[in-house]
Amino acid sequence: MHRSQEPDQVGKPSTRDRIHEVIFETETPSGKAFDVVLLVFIVASVIIVLLESMEIYRQRFGTYLTALEWFFTIAFTIEYLLRIYSVYKPGKYIFSFFGIIDLLAILPTYIGLFIIGSHYLVVIRALRLLRIFRVFKLVNFLRQGQIIIESLRRSIPKITVFFFFILIVVTIIGSIMHVLEGGFNPGFSSIPKSIYWAIVTLTTVGYGDITPQSDPGRFLSAFVMVLGYSIIAVPTGIIASDLLRVPSSKEDVSNQSCRYCASEGHDPDAVFCKYCGERLNP
Amino acid sequence: MHRSQEPDQVGKPSTRDRIHEVIFETETPSGKAFDVVLLVFIVASVIIVLLESMEIYRQRFGTYLTALEWFFTIAFTIEYLLRIYSVYKPGKYIFSFFGIIDLLAILPTYIGLFIIGSHYLVVIRALRLLRIFRVFKLVNFLRQGQIIIESLRRSIPKITVFFFFILIVVTIIGSIMHVLEGGFNPGFSSIPKSIYWAIVTLTTVGYGDITPQSDPGRFLSAFVMVLGYSIIAVPTGIIASDLLRVPSSKEDVSNQSCRYCASEGHDPDAVFCKYCGERLNP
Amino acid sequence: MHRSQEPDQVGKPSTRDRIHEVIFETETPSGKAFDVVLLVFIVASVIIVLLESMEIYRQRFGTYLTALEWFFTIAFTIEYLLRIYSVYKPGKYIFSFFGIIDLLAILPTYIGLFIIGSHYLVVIRALRLLRIFRVFKLVNFLRQGQIIIESLRRSIPKITVFFFFILIVVTIIGSIMHVLEGGFNPGFSSIPKSIYWAIVTLTTVGYGDITPQSDPGRFLSAFVMVLGYSIIAVPTGIIASDLLRVPSSKEDVSNQSCRYCASEGHDPDAVFCKYCGERLNP
Amino acid sequence: MHRSQEPDQVGKPSTRDRIHEVIFETETPSGKAFDVVLLVFIVASVIIVLLESMEIYRQRFGTYLTALEWFFTIAFTIEYLLRIYSVYKPGKYIFSFFGIIDLLAILPTYIGLFIIGSHYLVVIRALRLLRIFRVFKLVNFLRQGQIIIESLRRSIPKITVFFFFILIVVTIIGSIMHVLEGGFNPGFSSIPKSIYWAIVTLTTVGYGDITPQSDPGRFLSAFVMVLGYSIIAVPTGIIASDLLRVPSSKEDVSNQSCRYCASEGHDPDAVFCKYCGERLNP
């Protein structure tokens, strides 16, 4: 973590190293300050995207919003270039997940200069929000996120099976409802539409834009509802039981100091002390 | 708990002490009686707030409702003054959470005398309900509440991460839906509105006031529903697994009698006997 | 269980005993047959109640339905009288939970003779369904029900606290929404109506008959939805964790044979063998 | 698994054996390839069923869809005949679950030749999707599915009791609502319709096509919602706690190698090594 302890030049760190420290590190004061500013910029730039989409604000404050949009775009562009400059392997960064997100955060505004009616770019601009995860390292919450993600990763195969099952169920139910109500109820005029209804019902969302109008249709609906109400328990049960297995041991390690060298701050999944190499207590 | 055992005057307790006992204690007979009366008053005064908001009752029983409102306000005012009088550090009470709630319970009626159309005060009057928590000490349920709160407190960091994740998801999905349906569907005319729809859908509430009308919109909706239906499992899993870790040891202690002095009634989080100081069994 | 082993008359059992065996016992052949017939009668009589409430069937088959209703009423009346006759303490039976349900199952039809337009009695007639629980002893499922009920009983105090909390939350949110939208949105014209909306939203039912129409209203709604979506985890977590604590030991005992006398069929909550009195293994 | 190790002919396997291997085996290269092709065919043929149900596609591409439908039907017919041919006991296969599904996948197209307006057959054609489960053996996910199914099987008795309870609750609540609102609200004109509403509400689906319009009706609705919101916890708790009991030991065995002969790949529910017969570690 502490680059200065690495024997890379012994003397004063280069400008490039200092830029790297500010942008990429999260535990030095300047790195923290940078992250906070970045967080504010990301949130502010997304709020501008939201405001621009609202008729009233676009008409009243259109010029200001465009100006701010350019301000943030230029700020993110400088940040992007500095990231490329300060990293040892720019190619790897550029094509990494966050590298692409960083690029997507600035591209739409430039593209908007050349293409008229680039309405669709608004989605890409909203993707900026994903940059928040980069800053998230700042917060203490990261470890908690890791616990959730770890247990979700364990749950993935079981939950995938579950979704295949749901997909098959809604297709068959959608077909039955299409046959039952398709003749007189425009909401069930095609099977894909009926599948949409089945998903709306099974997930207990229940918009009510498509509802059964015959007695057999209502009966099948009631069955789908009770089914959905019950099988919601399956993913919950899976995740709850996987959560129960994962975190206990993990938390212990990450809060633990090595018994040999008293060092702290070990990764949640560390088995050996990263400083002296002795085994950590499970 | 037993003030009389404290060597504060040895002789007869002062009026101030007796008022304190009645108002603040919950285990003496007079304290219990006071709490029951207070509970009835709080519930009754909130019911009056509800009735006043209903056209029919306001027109028919308006005078009675106002009279009752004044009766409860004066009762609560007397109680509030007695609380200030009987407490050793009134400043600390006044600015405590319950002190402010107690004040807010009486202020709106007085303010209504001077300001016409103080419609917004109805919210503050409804806050009276929070005073119920004060009386709640009366009931045996408090300990159960502590178990829930304790496990919720443990879950907070994980659940916060989860909400950040949801916030980012609904923003991105809202943007996509705005692009997909914004052109022809007034429900998606702006991104904030689309985010509102995404929340309605993801949480499986599904009002149906805004629904997708195109095939790609329906497809994305179905995806959001299944996502919401699945990730509802995450907070449940978190809380369930945290609940499983917390209460077992707690409950044991609270039902346990000390092995050294046979005393009972220890607090759920006690580690040592409160009478003889020996360690309680975990 | 085996009345014949009881030294009540040594010789042939009396008619009264035999009636008792048929009606109340569930493990003798005649008792089982009686229970099956009763189950069919109960379900059939409730289906008739449902059909009578439907315009089409009432008009077409009105006479048959009335005839069948009288058939079942008379059958249940005979059963009721036989139950009173065969029981040693009729008074205790008559005023027991099932005794009252049994009486309510037959009363409405007789009352309908004297009172015209006894529409409300339909509810009482539907209560017949509760008689199913009596027959339920027949099925092997009873034990499973006991496990659920046991863990629910453990959860009651925690869940009661939870409901008080929800009640307070929906009252306060209802008041805020009444202030925010009450002026122009008829759905929030009174606080009780707004509380109804808050419950519809918090429980993720989401009828859509009352929806917010202003931006602040939508924002608060979104908050309520996310709140409801999250706190649904609390009762689930409570019940899941209580279920995990209860059943394991119970099931062991109920499937276990006594180590001293090899007898089986012990109650789930038995601690000692009911035949030889030795301690069962936990 | 490896038929070639069976002493069935020592020499070259017969054509029949090779067909069997291709069609039924999943771990040989040819078997895997066959399964992948079959999976693609099943999904494609179901997509055609969906497209045919949509007016636009039926009108534009009707001829192509019919051609493709015949192509898949003939492919499935050949597969079906080969299955019958290659299996040692064709009768057992034909009347097995998958045998019937395989037949149903091809029948509708042939029947459609003779019967005009065989609209209902679309449901049977959608059942083809169930054939996916046959191919599912291919994927590693199967074991995960077994864990879910195993814990669901354990939960069945408890969940059945739960559903009987729900059925009784919605019938009684439906009757009450019919009495309360039936007079003026067409949505509650009959008890079955009111039961449908009760299910829509209890499962938190909440279409909003039928909503209470009186104050007592709203009050009862709110009660049903809170009830549904709470008891959703019961099946979740049941399944979560059963999931927690099942998989741990199972997974161990399936990942374990025998301590006596070092063989691996034991079934999740194996107790003894399938190669040397020694007990596997639990």
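Chains here go by letter, A, B, C and D, matching the order in which they are written, and residues are numbered from 1 within each.
One rule holds for everything that comes next: a contact is a pair of C-beta atoms (placed from the backbone, for glycine too) under 8 Å apart; a residue touches a chain by one contact, two chains touch by 3 or more.
Computed from a predicted structure; not experimentally measured.
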Problem set entry | Higher-contact pair (C-beta pairs counted), A-C versus A-B | A-B
For this session: Would you kindly tell me how far, in whole Å, the mean C-alpha position of chain C lies from that of chain A?
Result: 44
Exercise. Where the centres are mean C-alpha positions, what is the separation of chain A from chain B, in Å?
Worked result: 31
Problem set entry | Multi-chain contact residues (two or more partners), chain C | 192, 195, 204-208, 228, 232, 236-238, 240-241, 244
Exercise. What is the shape of the graph in which nodes denote protein chains and edges denote touching chain pairs (line, ring, star, complete, other)?
Worked result: complete
Exercise. Which of the residues in chain B end up touching chain D in this complex?
Worked result: 204-208, 236-237, 240
Problem set entry | Parts of chain A lying in touch with chain D, wherever the complex brings them together | 157-158, 160-162, 164, 168, 171-172, 174-176, 178-179, 182, 189-192, 195, 201, 204-208, 211, 215, 218-219, 221-222, 225-226, 228-230, 232-234, 236-238, 240-241, 244-245
Seminar exercise, completed: Per the touch rule above, chain A residues touching chain B in the complex are 46, 49-50, 53-55, 119-120, 122-123, 125-127, 129-130, 132, 136, 140-141, 144-145, 147-148, 151-152, 159, 163, 166, 192-193, 195-196, 199-200, 202-209, 228, 232, 235-244, 247-248
